[in-house]
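My questions will all concern the structure given below.
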Amino acid sequence: MIDFQGLLNNIHDDLKTREDKGVVASYIPELSKQDVNTLGLYMQHIDGRSFSAGDAFTPFSIQSISKVLALSKAIAFEDNKIWERVDVEPSGNPFNHLSLLELENGIPRNPLINAGALVIADILVTHLENPKEDFLQYVRNIANDQSIKYNFKVADSEERTGFNNFAAAYLLKSFNNLNNSVDDVLDFYFHQCAIEMSCEQLSKAFYLFANGGQCMQGNQHIPIQQAKRINAIMLTCGFYDEAGEFAFEVGLPGKSGVGGGIVALLPNNFILATWAPGLNPRGNSLIGMQALEQFTSQTNLSIF
Amino acid sequence: MIDFQGLLNNIHDDLKTREDKGVVASYIPELSKQDVNTLGLYMQHIDGRSFSAGDAFTPFSIQSISKVLALSKAIAFEDNKIWERVDVEPSGNPFNHLSLLELENGIPRNPLINAGALVIADILVTHLENPKEDFLQYVRNIANDQSIKYNFKVADSEERTGFNNFAAAYLLKSFNNLNNSVDDVLDFYFHQCAIEMSCEQLSKAFYLFANGGQCMQGNQHIPIQQAKRINAIMLTCGFYDEAGEFAFEVGLPGKSGVGGGIVALLPNNFILATWAPGLNPRGNSLIGMQALEQFTSQTNLSIF
Amino acid sequence: MIDFQGLLNNIHDDLKTREDKGVVASYIPELSKQDVNTLGLYMQHIDGRSFSAGDAFTPFSIQSISKVLALSKAIAFEDNKIWERVDVEPSGNPFNHLSLLELENGIPRNPLINAGALVIADILVTHLENPKEDFLQYVRNIANDQSIKYNFKVADSEERTGFNNFAAAYLLKSFNNLNNSVDDVLDFYFHQCAIEMSCEQLSKAFYLFANGGQCMQGNQHIPIQQAKRINAIMLTCGFYDEAGEFAFEVGLPGKSGVGGGIVALLPNNFILATWAPGLNPRGNSLIGMQALEQFTSQTNLSIF
Amino acid sequence: MIDFQGLLNNIHDDLKTREDKGVVASYIPELSKQDVNTLGLYMQHIDGRSFSAGDAFTPFSIQSISKVLALSKAIAFEDNKIWERVDVEPSGNPFNHLSLLELENGIPRNPLINAGALVIADILVTHLENPKEDFLQYVRNIANDQSIKYNFKVADSEERTGFNNFAAAYLLKSFNNLNNSVDDVLDFYFHQCAIEMSCEQLSKAFYLFANGGQCMQGNQHIPIQQAKRINAIMLTCGFYDEAGEFAFEVGLPGKSGVGGGIVALLPNNFILATWAPGLNPRGNSLIGMQALEQFTSQTNLSIF
């Protein structure tokens, strides 16, 4: 039997001493204040056991990780109908690239690039009565933690400087693939990305994807088939133009965010969340990627 | 316990009656003669049991499925050194698209698009004493079947008309990413694609990828870590610009060929090969994709 | 000596009877009301003579033709400094294509595609005290006609539906290539495009480009070198992805607009403006292109 | 009246002293031996006068300049029929870029990029009895100089190393846009590019384009309309992704070659050929471009 606690400790101690820890995202003032030496690891086993190392209980900005949670909620509302408005193919491009969007008539390549996430946000704005409040409540429910909240400074900051997302939203609008106003969709989207969660909270929130759509409290949020599909999309599209590399090196469905967080999971087995704010040139947490690589190569626990 | 034989029978009988069976590849005369109504299914369980339905024992042209076998042999020779010459990212483009090759300075996106497979072929031509004979022998060995052979008519036909592959090879050569002559590499490559195998033979040959690198006879052809990596590449890149869709709908690593074959596998569990010559617009077997989709949705056996 | 009046009459009469007159732009309600059978021609010779046929004195929406006038004003302010923010190469793409903008780090390919025209608009918003009033006055001055005015309905309509231009502006902003707010730049830009002028007024306004920078009243608005450069840009970039075709078939610098207008000129010789609201699939006036082709092939008056 | 001889002398003397003279093409051994300090200028006036400075009478490898001569011969054979197989739009890409070729189904963007020039070469191989001999004789005739010849070493060198051209030719073949064999077309093409001519000989050969299709000896090689069209193509496509820049800075139709030559012309006025082997990063002669820029800005002789 694997000594998960010992393994997390070893990985934590090894990576803490690395010289190259990547570069903290600087385009949002709130994110740039993060300490590049921070490292948190939290593993939630499907059988209920959990293990942690380092800074596993401090909330940080989940950013793009929120796209998976939003996707699961959109699927709960519209099921397979959402695939008429967004595709499921890897993009082979950076997260904020607009050219593929144009070539394919306004259908984003997948729901985890920004353009696709905006379509998902549009769906949620349509279905939720109080979009921001209701979505936060959904996240609190699946994580079973009412303390999770928005960082409004981060949302405001994005609202003032996220011009690329405005461009993507208007481009979608020009292709008739946005039903609500650009301002409403972006206001929701920037808040969604500005949710703050710890490694522990992320692991608990993603439990449902490792557990056939059922969260730790036993509620079936989405059908098992849809949970599997979300895992497939995470695997093929969860790390921008580094998705193939992550599948290759780590071998788990997962999702990263520019706040330095990563959540990965082995279906019916475990969820592992990491937080290390320094990013590699492709926008994924440098140390987080290494932690996951060490974990799967030492345990041989991967989907492949 | 799942009744695999009954399931294969049901899938076979259901799909046999479908009206739309896709279009048989016409660009190679030998392939165009295939009967669109052919349907073969063969399942090899990791525990030794096997099941079949329909035309499971007739050899057909494996075409691009051979890329996975060639990759495994190249890895046996050069291990991770091959990744200096070919990347592991999904391309988001059709199998024969050259533009991405150019944008990235002659490094193909992955070893399963044509340009990448040519780099792999170049590696084998460098290492094998008698490339064509030795590679065929390797395939015979891992499938444990000495009757497997080349269809020289198909190879000749490709050699006379495969201009797109000539273009890709010369482009690689112009980027110094081909060490042998274009003619030598293409002669090998066209033969590699012209190997004929049945669903049964393919299932046995791919056993090693489902079994941590060890074939049915117990020989360790590649390390477990590399077997996992090949599975990851199959999942993210095995179906051209339909890779995301296949991961999403089927949820298994696999590889298709324009001869109408598909092999898919669940690590440590089973290998399933299908043959149905009619292709969908993206070049993958239409009925084969549906057979695999039915199989995984009815058994819930997928990596996700 | 050429009988210009007879020639204009013949061209007018011939083209009036054509069955295929193209399709009137429908995305702006005001433009869609135009009569596809309208045809106006006005030729202003550099020596002062002028000739006309058909509907040459009715104002219409000049749309993208305004980009040349805005460019000339921006050059008057900043001279060659503007080329740090916009390039002078043909795009090979439709007028509203954003992907090239991204690949080249926010520097639009040329000032006559939408993205480039937005950079020019940004420059004018920076330099003009009352941008909309002052720019209209500039156009009135060079055309020597104080009756020229904006169509505010057209500008409003664009402001409510021109999502593609919003996308381009935000993308420029994300690359730090827009100094003023997106709203201010677009408000100016939509008005600039909504100027209404007749063929006669356009011919007189473009006189300065055929006359080394000097308008009919004798004022030197830009240096001769810059007038030549603007002509060069019109020739290589004035007709979107049909620029090569226009140079090839007509052989004159010119600019088209989706309102159905085209202005072309032979330096030191003449300016010829046409108006025919039906567009070809690439967004240029179908009958206008033919009128210009007939004119230059029958007179052999072209820059080549 | 302009003192052309004095002007050529001044330009020659000024540019001879420049420090940055660009980089001599190194991919062909024969070309790499050229002296970067060489500078030749030759101006042929339409009225028969001629002027020269520096190394104007030494033959050098004309390379891509030959594409214009080949185009004129193809037009003599097939007139406008050639435009079914090659377009006339600027490419916005480097001379050897293949991706646009693919997106547009095997129709090269214009006859002056490599792919387009290969289609033209294919036309000549179809029509000429002894392609290489006959084409050379055509060039000798229009230049009225029987001493012009191929440099077989350069042709051989290209034949052994021009992999990118092989790639382009095979890609065209895969799109059914090459009627002869790749080997035959490339053998012709590499010889065409390996013609050696001096600035004087180039000026005399291009006389026909400045003179409505009629060469100095009075023979009408192509109709005036076609001469104008070739000039238009030179202007929009003659300098790869620097075509807009050349039109903007120089304002003349022209064509460059990697041997360091440039020919430009003002219709009904003059032809000016330059030779300076150092290239700028875009593959055009650095000093040659400056010479032409100085000439047109000091004389105000341009088409604009």
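Order of writing sets the chain letters: A, B, C and D. Residues in each chain are counted from 1.
FYI, a residue touches a chain if its C-beta (ideal position, glycine included) is under 8 Å from a C-beta of that chain, and two chains touch if they have at least 3 such contacts.
For reference, the UniProt names are A, B, C, D = Glutaminase.
Because the structure is a prediction, the values reported are computed rather than measured.
Comparing the centres of all chains, each the average of its CA atoms, the largest separation from subunit B belongs to C. Repeated interface, listed pairs A-C, B-D or C-D, reference A-B: C-D, with more than half of the contact pairs matching by residue number. As a whole-number value, the distance joining the C-alpha centres of subunit C and subunit D reads 32 Å. Computed from the mean C-alpha positions, the centre of subunit A lies at a distance of 47 Å from the centre of subunit C. Centroids built from CA atoms put subunit D at 55 Å from subunit A. Counting partners per residue, subunit C has no residue that reaches two or more other chains. All chain pairs in contact, by the document's touch criterion: A-B, A-C, B-D, C-D. Taken in their complex, subunit A has these residues touching subunit C: 97-99, 102-103, 163-164, 166-171, 173-174, 182. The touching residues of subunit B, counted against subunit A in their complex, run 87-93, 100, 109-110, 224-225, 227-229, 231-233, 235-237, 241-245, 247-248, 251, 253, 267, 297, 300, 302-304.
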